[in-house]
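The next part holds the structures, each set out as structure tokens.
Presented sequentially are two complexes of subunit A, the first with subunit B as partner and the second with subunit C.
Take a look at the complex of A and B:
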């Protein structure tokens, strides 16, 4: 059976060029970059080359890049770091209702410590309104943290405008760009970004390595105490193989972005059109325009997402859902609720995220397999039965 | 995922619906009960995750051929055991399956003016279904 991996927003495979680049740093050039002999010097040099590549990908200066253990760590560091650094100036933070939990749970932690957080609402399109942001700004606001692109519905925020507003008010602007880097153009200078989080495993690098960009002049303190790595700002012996891989992966992703995003956008639109035209009572979640090239998120009314994932899995198709069962709680995705979906429509969501391995053939295979699966689940659904009775009483006896 | 007993029963002796759309699980169980009080057939429809479908399938499978008294003793634990256990977060699915059987038996008892020992009226949130589901 064909295996169709449609969950690239969850993680990507490590592409061969990246794997090849990182391998020598496990058993050959395994030196600690803080040491002074040859294999250590080679590791140190490699570390700085990777930093150059990450900086180039973002339009940043290499001295503004700090490697971390994940995108989540970068988010935690940026948000807690700025909140605590400017605590005396103010204790108000602005974020959005659709952030990743790495941001939301960090904000909740700060709220418990006496900080105030305003979570900006989003429209049906999953995008904040800059006017709302402007209204939320207070004299004691020290940080705005709003993601570049959403991991569930792919909506892209007006980053440049948010950054310009933050700058005009003297507020630090951080963005979680984990889903965006390597997928859509990012330039920290032209987009007025002060801090940015990214992760390697969303762009064909390995898991366990990320980075935080910190604009020169922001005196962010160390978050992890220990040795003097990362210019004293992030202790812990550097994950050299991971960092090398991040550098290689980000370089490749950015150089291939234009062509790849054109290819994926076409596949994405074919999927959206195909799903909406072949399955009734189905709608697209999020913006149809300001959307990541690889993201499809649809809701099928009357069915529940996890059952759908299980049946797709039986056909070799791997995707994800915002249903409660897949979120590990009793509530469906906070993102889908934030764009105004009632619970049962959020439970019936399906996210497909395309990537380098996705082909036209896979899209066609999916579009062939999907309709009978949805029909089968609807035949099993008491909600659908109820709907049929209401909409067409003659069709259902009793 | 290959559930048994999916569907409806025409002129059922009892029907029970439990759960709510908010938590994402709704189970509807149909029972056909003979004059002698034996569950002749059981079918279900479920809106829910894999575990909800599996527990519905197992519960309806277990109730078939049983007397009403026996049927009352099909607990969520028995359903879970029959499925070789469920992860903690899915235990509530087995509770719903038990409740759905009981709700269908309650409906049967009400329709036939029977008092069944140990059977209580179902507690369900199905009102929410009508409030929100088709808005």
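Take a look at the complex of A and C:
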């Protein structure tokens, strides 16, 4: 049976070039960059080269890049770090209703500690309105944290304008760009970004390594205590193989972005058109324009996404219903609820995220397998039966 | 083509062995763990051994990997809340004593899970209950009969299954005793062969129902009076949900003689105590007919009035009221602590004849 991996936003594989680049640092060049002898110096140099690459990909200065253990860690560090750093100035944070749990749960933690958080609503397109943001700003606002692109519906936020507004009000602007880096152009300078989180495994690097960009001049304190790594801001012996891989992966992703993005956008649109035209009572979630090139999120009325995923799995098609971090439980996605879907429609959603291994043939295979699965589930669905009775009583006279 | 079966896997030795047995019998087996209550995103759950704890999922997955079967964790939280938790809390606040495992079997496992299984193209669902699905010879209706595991009989909790549900049910452990299953699991190197049995209600792992209800309803149950059978006030109780019929310990008062909870009046918020809590008759409603259908006249049965009860002789009659059928039964020997809200399951020999809820 064909295996079709359509869940690249959950994680990706490590590209062969990246794997090759990181391998020597496990057993050959294994030095600790903090030591003084030769193999350590070489490790240090490697670390800094990776930092240069990450910085170049973001339009940042290498001194502004701090490697972390994950995108989630970067989010936690940025948000808690700024909240606590400027606590005397104010205890108000602005975020959005569709953030990843790495951001939302950090905000909730801070709320329990007495901070106030405003969660901006989004439109049907999954995008915040800058006017809403402007209204939400208060004298005691110290941080705006809004994701660059959404992991479930792929909507892309007006980052440059958010950044400009934040800057004009003297508020730090952090963005969780885990889904965006390497997929759409990012420039922290031109987009007025003060802090940005990214993760290697979303761009063909390994799991367990991420980075936080912190604009020069922001005296973010250390979050993890220990040794003096990362200029005393992030203790713990550096994950050199991971960091090397992150550098290589981000360099490749940015250099190939234009072409790959064009290819994926075409596949994405073929999928969207194919699904909407072959399966009735189906709609696209999120913006059709301001959307990541690899993201498709559709809702099928009258059925549950969970059952759909299982039947697709049996056909060798691996997709998801929400973000991977929550699909173990499949509560209705907070993102879909935020764009205005009622519970039952949020339940019937399917997320497909494409990647480098995705081909036209896979898209066609998917489009062939999907409609009968949806019909089968609808045939068993009491909701669908109910709908047919109302819309066309003759059809279910038996 | 192989028949497909979805096995509800709790991560315990019984359901793991059930999956393994079915695989050996040539079925196309899919493992499913039902996510029923809180989950990891709430961060307030400690590792525990109930049927919905996180360790349950990890253990079930390890077993599925070991057997090489597909395995899924599916979400049944909405149904579980609606049909089990709300019912559980509601019954206690109505002064009755619920059996959440029966509600879970009836509405969640044999409704929602069975439906999911059919969606997956399965012919059956299976569980690790010690009971058998059999045809009752007299009526040719499907029934549940007691298993080889005398001490571990789980027919009581399955009385509510309909004929259609029974027709889609496999209970592979029915021919085994618990020690056989442990040995079987060990022989097959199932990683949970030596795991202890779970005891408590899965969503109240510490057994403290009263605190659970208080937390869930976000209201403290009001205190009220203990009274005797003539209505004389004997003392104060701490909220009716803390008491169950027949309870003696934990009343918080010394009477100089053994006193038991005789009845609970939710409307009056009183708990009646008595030295004698035996009754000779009981009414059962919400009846599910299994081996038998409604009958005329009186018939002899053995009846269990709670999980783990020893079946005792009785004579039962069907009472037809305007809106429902009820069963009136007279015990051969008066029974202590006949508890409203608990199930009464009537046996004809080894077979479940029918069952219902004690009024």
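Keep this in mind: the second predicted complex is superposed on the first by the 387 of 398 C-alpha atoms of A that agree within 3 Å, B and C clash if a C-alpha of one lies under 4 Å from a C-alpha of the other, contacts with A are read in each partner's own complex, and residues count from 1 in each chain.
The rule we apply is simple: a residue touches a chain if its C-beta (ideal position, glycine included) is under 8 Å from a C-beta of that chain, and two chains touch if they have at least 3 such contacts.
Just so we're clear, the structure is a prediction, and the values are computed from it rather than from any experiment.
In the superposition on chain A, contact of A:390 is made with subunit B only, not with subunit C.
Put subunit B and subunit C next to each other and count what each touches on subunit A; the higher total goes to B.
Contacts of A:380 after superposition: both subunit B and subunit C are touched. In the superposed model, A:101 lies in contact with subunit C only, and not with subunit B. By the touch criterion defined above, A:306 reaches both subunit B and subunit C. Using the contact criterion defined above for the overlaid structures, shared-chain residue A:344 touches subunit B, although it does not reach subunit C. Common to the subunit B and subunit C interfaces on subunit A are residues 306-307, 310-311, 314, 328, 330, 380. Residues 35, 39-41, 43, 57, 70, 72-75, 77, 115-116, 118-121 of subunit C are the ones that touch subunit A when the two sit in their complex.
Against subunit C, the residues of subunit A that register as touching in their complex are 101, 105, 306-307, 310-311, 313-314, 326, 328-331, 376-377, 380.
Across the complex, subunit B meets subunit A through its residues 1, 3, 6-8, 10-11, 17, 21-28, 45-53, 89-90, 129, 132-135. Of all residues in subunit A, only 302-304, 306-307, 310-311, 314, 323-325, 328, 330, 332, 342-344, 347, 379-383, 385-387, 390, 397-398 touch subunit B in the complex they form.
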